[in-house]
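Shared between the two complexes below is subunit A, which pairs with subunit B and subunit C, respectively.
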Partner chain A sequence: MADVRFGKLAESVVSLALPFVVAALVAGVLLLAIGENPLAIFGLMAEESFGSARRIASTLSAATPLLFTATATAICFRSGVFNVGVEGAFLTGGLAAIFVGYAAPASLGVVLIPLAMLAGAVVGAIWLWFPGWLLARWQVDEVVSTLMLNFIAAALTGYLINGPMLSPASGNNVTPPIHDAAELVRLMPPSTLHAGFLIGLLVLTLYGLWCRYTPAGFEAALVGLNRRFSRAMGISVGGTVIAVMVLSGVIAGLGGASHGLGQLYRFSDGFSPGYGFTGMAVALLGRNNPLGMLIGAVFFGALASAGTTIQLFSNIPLDLVDIIQGLVMIFAVMQIALPRLRKGAAHV
Partner chain B sequence: MAEAFPGVVLGADRLSKAYGPVQANRDISLLLGSGEIHAVVGENGAGKSTLMRMLQGMEQPDSGSVILDGAPVRLSGPAEAMARGIGMVHQEFMLAPDLSLLQNLVLGAEPLKPGPLRRVDWVSARREGVALADRIGVVVDWDCPSAAAPVHIQQFTEIIRLLRRGAKILILDEPTAVLAPPQVEELFTLLRRLRAEGASILFISHKIPEVTALADRVSVIRRGQVVFSAAMADTSGDEIAGHIVGDHSAPVAAPKPAPGSITPHTVLAMEAVSTSAATRALRDVSLHVSAGEIVGLAGVAGNGQGELAEVLAGLHRVNTGRITLNDKDITAQDNATRRGAGIGYISADRRHEGLCLPATIATNTMTGSHRAPPVASGWRLRPRALAKAAEARLQALQVRYGRLSDPVSSLSGGNQQKLVFAREIAPKPDFLIVSQPTRGVDLNGIAAIHSLLRDFRNQGGAALLVSEELDEIMALSDRILVMAEGRIVGEVPKGASAQEIGRMMIMGGHHG
Partner chain C sequence: MQFTKKLAATALATVLALPAFANDAPVALIIAQGGLGDGSWNDTANAGFTAGLAKTGLEGRAIESNDVTAQGEEIMRRAADAGFGLVISLEWIHGEAMQKLAPDYPDTDWVIMNQTREGANIASVVFGEHEGSYLAGALAAQVTTDTSIPGINADPVIGVIGAVKAPGIDKFIAGYIEGAKAINPDITVKVAYAESFGDPAKGEQMAKSMFDEGADIIYHVAGGTGIGIIKAAKDSGHYAIGVDTDQDAMAPGHVLTSMVKRVDVAVEQILTDYKDDKFPGGTVMQFGLAQDGVGLSPMTYTKDLIPPAYLEKVAALKADIIDGKIKVWDVSTQGYPDFFK
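Our next item is the complex of A and B:
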């Protein structure tokens, strides 16, 4: 029995590591092609992302939004709902939190923080409830509706920060800064690592507990595996679909709020450089598993933080980091198809 | 080359095929002569489709061979079968719904205009279509989108498409299932005309009157074997019906609980239930099932039994009528509420509805009870309590399994079904819907499942048993209702023979 367990563990480690290895190989070939030594570059990247406490902090800081967006994605993917709208909920939730953070009276003090987080969660929840309801009630394809809502979210936030929420002190495209009291505490100054990272870990942990230790999490997994069976067992498939979409919105909204209150302190253009989509890659890579997603988020965080500094020390263009990211994502998605070909693995 | 089977255009020579423990075909021999219509009849699951798949090359036999033009061949698939003149019309039409009938006719083998652009020559396509339709005596509006065309015209288009590709042997899989009576007549005229031209036709059906009206020869398949084969002139509809349902020497009376131990009150009743006018799956169905009683529902597959089971489970809407459980109206209740009120459901589709195959044995055993103690308390689900409860349920029914964390797909068909029973019986339902309980289950599993059902009944449970195995219905049921074309056509009188029941099943719909 023990050896079977070990076999399973080894198998999942291999399948988890495979996309990274393949991506590294391809990136290595690319580096060779432009006349660089891949090992030296990879070494430099590792050094830049994990080489000191400060660098680790900046890696974790870059990983923070991904913890939220990956969890928000996983909770839907696990139920067979292909929600690609986490980005939109991250943006709208983030703006809602920022709005509370600057528009509510500063006299509220630290109460501003939970208030702003709540605003982010509620707006995110509403944002994704809508496509969830469309799917459950009218069978509107969720990939299409959530993708379109991302564009709407970008346009809507873009309009608001240029109109009603435009900072009087600035030219364009930015809200006023939030009150000092609304700022999340920085964990390791001068690095930008903030308390949002801890909230992210908490959300990830709660997600893991929800999956395993609640009837709702149990039902959501069954809905993801077999809707007909779920229905025949008296599980409300539509209700589950809406529930995971709303939860996804809550988590994505919290993510936007944490990013706003902890990192940027205001909402401007480029609030999210595609955290929703990178989070999707992390969820795929981590197989919706909390630990897998933590590792994936840190990895992508490392790529992002190393990428910005690496071009200072080498001739490597920042684009190469993006290329590696893209490659890992492609192989991560490829990986998800593999276990379905293989029989014998039980999921719930 | 010497012809081992002179005069045979298509045939099966001792074909056998097994899927795991299920022997779908056993030593099937069947010969189709030139210019002959050969009817293959049998209940659903008797093995007809497996045979047809082998004749098309979609499956390779475990032993035996397919005969083509008098000699054994090995067909690689439908494409090769088509190239050698064997065409099949499936039950579900293979037409692209948005394309016109003419486009469908040439799809995949379009006539081209000369030149490098490979443009489709629609003029010659139409000419071909019109000529073929003329030849078999039908009129087709070639510009009609196929989805909008009447069903029989869609079917004719499929036949014409096969003829155009040079088919000389046609396999028709229950071609009349979707047709109205006058359309059936039209189809038969067409088939007779093709026969006169020398085409050979394998006609799959389970409607006796059609077989006697059309076929030259008939073969009956039952439980994977050819049990009867004769020239139509030498047999009768009654004899064929008898062979379809088989010889029933098994005792009909099942051991019953001591009289008086159960008060016979009505547990479930349906009053004049019909489904929507569009589907008409159920028409004006009334029935009742009492405590301590198994009511069997006999009928040829596809006559509404499946829908009836789903309607009772709460998975299918009712248009009119009333359903009561213990005298409470449950017509408007959804499936979850009905489960809570005491209805259990053994789905006919074990692999897709009865079980969640990729999930674990423990999960499959406890789903449905996962919100109640001991598995859950309030917001919390306790995986350990779940495993323990699952173990107890499985042990009670002697389900054999490896580990609770194995996927349920690792179990044999019989053990899978016993697991389903363990799950459905454990909450002590008052009423159990049992649909095709022994489909794909080996003989030992069948015996175990039958005794589970009897135990349930003997402890005062009420069950409705839907099965295509008449043997099973006769062995288990206290009363038998016969269903045809969505109606209950009658209750089988006490002591009726299988032949009589078979006749009610097959003729009932036409007389009623």
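Our next item is the complex of A and C:
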């Protein structure tokens, strides 16, 4: 029994690490090709990611939005709902929270924070409820609908910060800044690591508990494994689909709220550089497992943070980091496919 | 006598030794959203950065990030912690963070663009877009009634399309109107806003209807939306005026001129000042016509279309602005003028 467990653990460690190892090998060859010493560059990256408390804080700060977007993605993926609309819910939820953060009276004080988080969660929930309902009621393909909603979210937030929510005090398209009282506290000043990281960890933990210990979480997993069987068991597949989409929206909206209240303090162009999509890669890499996703998010956070600051000390262009990130994503997805193929072969 | 000589020699040595006090710490340039290769703001600034490094012999690096909005503060702090002596950010959104963190790093010099930030070690770079736009307006007002130029009607009507109604945009527009009225007080300047920086289709549509209403030259202050405005000028045989960078080549012969912001000049100047230990911390650096920070493009494709007398008039106005004989209205510091509410 213990051996089986250990074997399983070893397998998940390998499956988590393998994409990084392969990506590192390919990146190493590329570095050699452009005349750089791969070991020196990787050493520099490791140091810039985890070399000191400040660098770790910077990495965790970059990982924070990914905790939310990965969890929001995973909660749908494990039910077989291929929701790619987390990005849209992150944007709309983030803007909703920021709107409350600057438009509600400053006299509300710290009450602004839960109020703004709530606004983000509600808007995110509504944002993803719609494609969930379309899927459950009309079998509208969720990949298409959620992808389209991402474009709508980008256009809608772009319009709002350019028009009705434009800060009167600036020539750039940004909202006014949120009130001081609405800002999430920083955990390790002067690092930008903020309380949103703890909220992200809490969300990730709750997700893990929900999956493991609640009937609803179990039913949601069953729906992912076999819809016909679930239906035969009396589980409402449509209800589950809508439920996981709404939960995904809540988590993504909270993520946007945390990013707005903790990191940027206002909404601007470039509010999300694609956290929704990186979160998807993290969910795939971590196989929807909370611990796996935590590690994946920290790794991608490290790549984003160190990938930028190594440019201060080397001539490595940002493109290299993009290549590593892309390779990790490809191999993460390949790994998901491979065991299925193996399983398929075993049945034959 | 000997003593005097000695004294003179010491004084001379002191003067010669001064460069030893100059700054040698490396410099960093943080690239804004859009990244290198945007053919515009970032690339222009980076060209000035590279030229400045070559001129001063300083060591420097350009820093790009996929998430430049959120990572700005971490990048700036990391650069200062790592011993960089000068950090220039091209990203507008970094202004607030820079103002907050600069006091923690008194030995580092900081530069932010297109806004004014306070701090003894921060220099704010502001461009005189109103002055450059004044010249664009003056040129357009002369051309718009000259039917000998193809695509021009006799009506004294010109246009301008801004991205959004905001002081940062209206600074251009007010300057343009003032310049046009300096040539012809009765000119009609049609003003419209696209409500977007990145909607070429809308820009094209708006420009077309403005051309239909009798305008023959439209100045765009609309970022990516302006691409559509330039396209409309080309398709209808009229003229657009480009902005920020030399956009004349986007539709050769149909971009009358471009009002260019020489961020490269600004960056190079800052590097030189820094190297010579003359960093203008705590000040607002104006890059207007006098500093060659703004101006009209060389008009590579249109200078033969435009009668030389018009260009001479523009050159004379430019000289008057530099001499201070003409003071162009600046919406960003003076609010809105009577001629443009």
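Throughout what follows, the second predicted complex is superposed on the first by the 341 of 348 C-alpha atoms of A that agree within 3 Å, B and C clash if a C-alpha of one lies under 4 Å from a C-alpha of the other, contacts with A are read in each partner's own complex, and residues count from 1 in each chain.
The rule is short, and it goes like this: a contact is a pair of C-beta atoms (placed from the backbone, for glycine too) under 8 Å apart; a residue touches a chain by one contact, two chains touch by 3 or more.
Values in this document were obtained by computation on a predicted structure and should not be read as measured data.
Asks: A:Asn173 contacts which: subunit B (first), subunit C (second), both, neither?
Replies: Touch status of A:Asn173: second partner only.
Asks: For A:Glu219, using the defined touch cut-off, is the partner it touches subunit B, subunit C, both, or neither? Pick first, second, both or neither.
Replies: first
Asks: What is the contact status of A:Leu312 with respect to subunit B (first) and subunit C (second): first, second, both, or neither?
Replies: Touch partner of A:Leu312: subunit C, not subunit B.
Asks: Just to be sure I read the superposition right, which of the two partners does A:Thr192 touch: subunit B = first, subunit C = second, or both, or neither?
Replies: A:Thr192: touches subunit C, not subunit B.
Asks: Quick one: is A:Ser58 in contact with subunit B, with subunit C, with both, or with neither? Answer first, second, both or neither.
Replies: Only subunit C is touched by A:Ser58; subunit B is not.
Asks: Contact-wise, after the overlay, does A:Ala232 reach subunit B, subunit C, both or neither (first, second, both, neither)?
Replies: first
Asks: Where does A:Asp269 make contact in the superposed view: on subunit B (first), on subunit C (second), on both, or on neither?
Replies: second
Asks: Which chain makes contact with more of the residues of subunit A, subunit B or else subunit C?
Replies: C
Asks: Touching subunit B in one complex and subunit C in the other: list those residues of subunit A.
Replies: none
Asks: In their shared complex, at which residues does subunit C touch subunit A?
Replies: Result: residues 28, 33, 35, 61-71, 73-75, 77-79, 81-82, 84, 92-93, 96, 101, 104, 114-115, 163-164, 166-169, 171, 195-198, 332 of subunit C touch subunit A.
Asks: If we count contacts the way the header does, which residues on subunit A are in touch with subunit C in the complex?
Replies: Counting only subunit A, the residues touching subunit C are 54, 58, 61-62, 65, 158-159, 162-163, 166, 168, 170-174, 177, 190-192, 259, 263-265, 268-271, 273-274, 304-305, 307-309, 311-313, 315, 317-318, 321-322.
Asks: Which stretch or stretches of subunit A touch subunit B in the complex?
Replies: Subunit A reaches subunit B through residues 212-215, 217-219, 221-222, 225-226, 228-236, 343-348.
Asks: Taking the touch rule as given, give the residues of subunit B at its contact with subunit A in the complex, in rising order.
Replies: 313, 315, 335-336, 339-340, 345, 347, 349, 352-360, 363, 367-368, 370-371, 376, 379-383, 405-410
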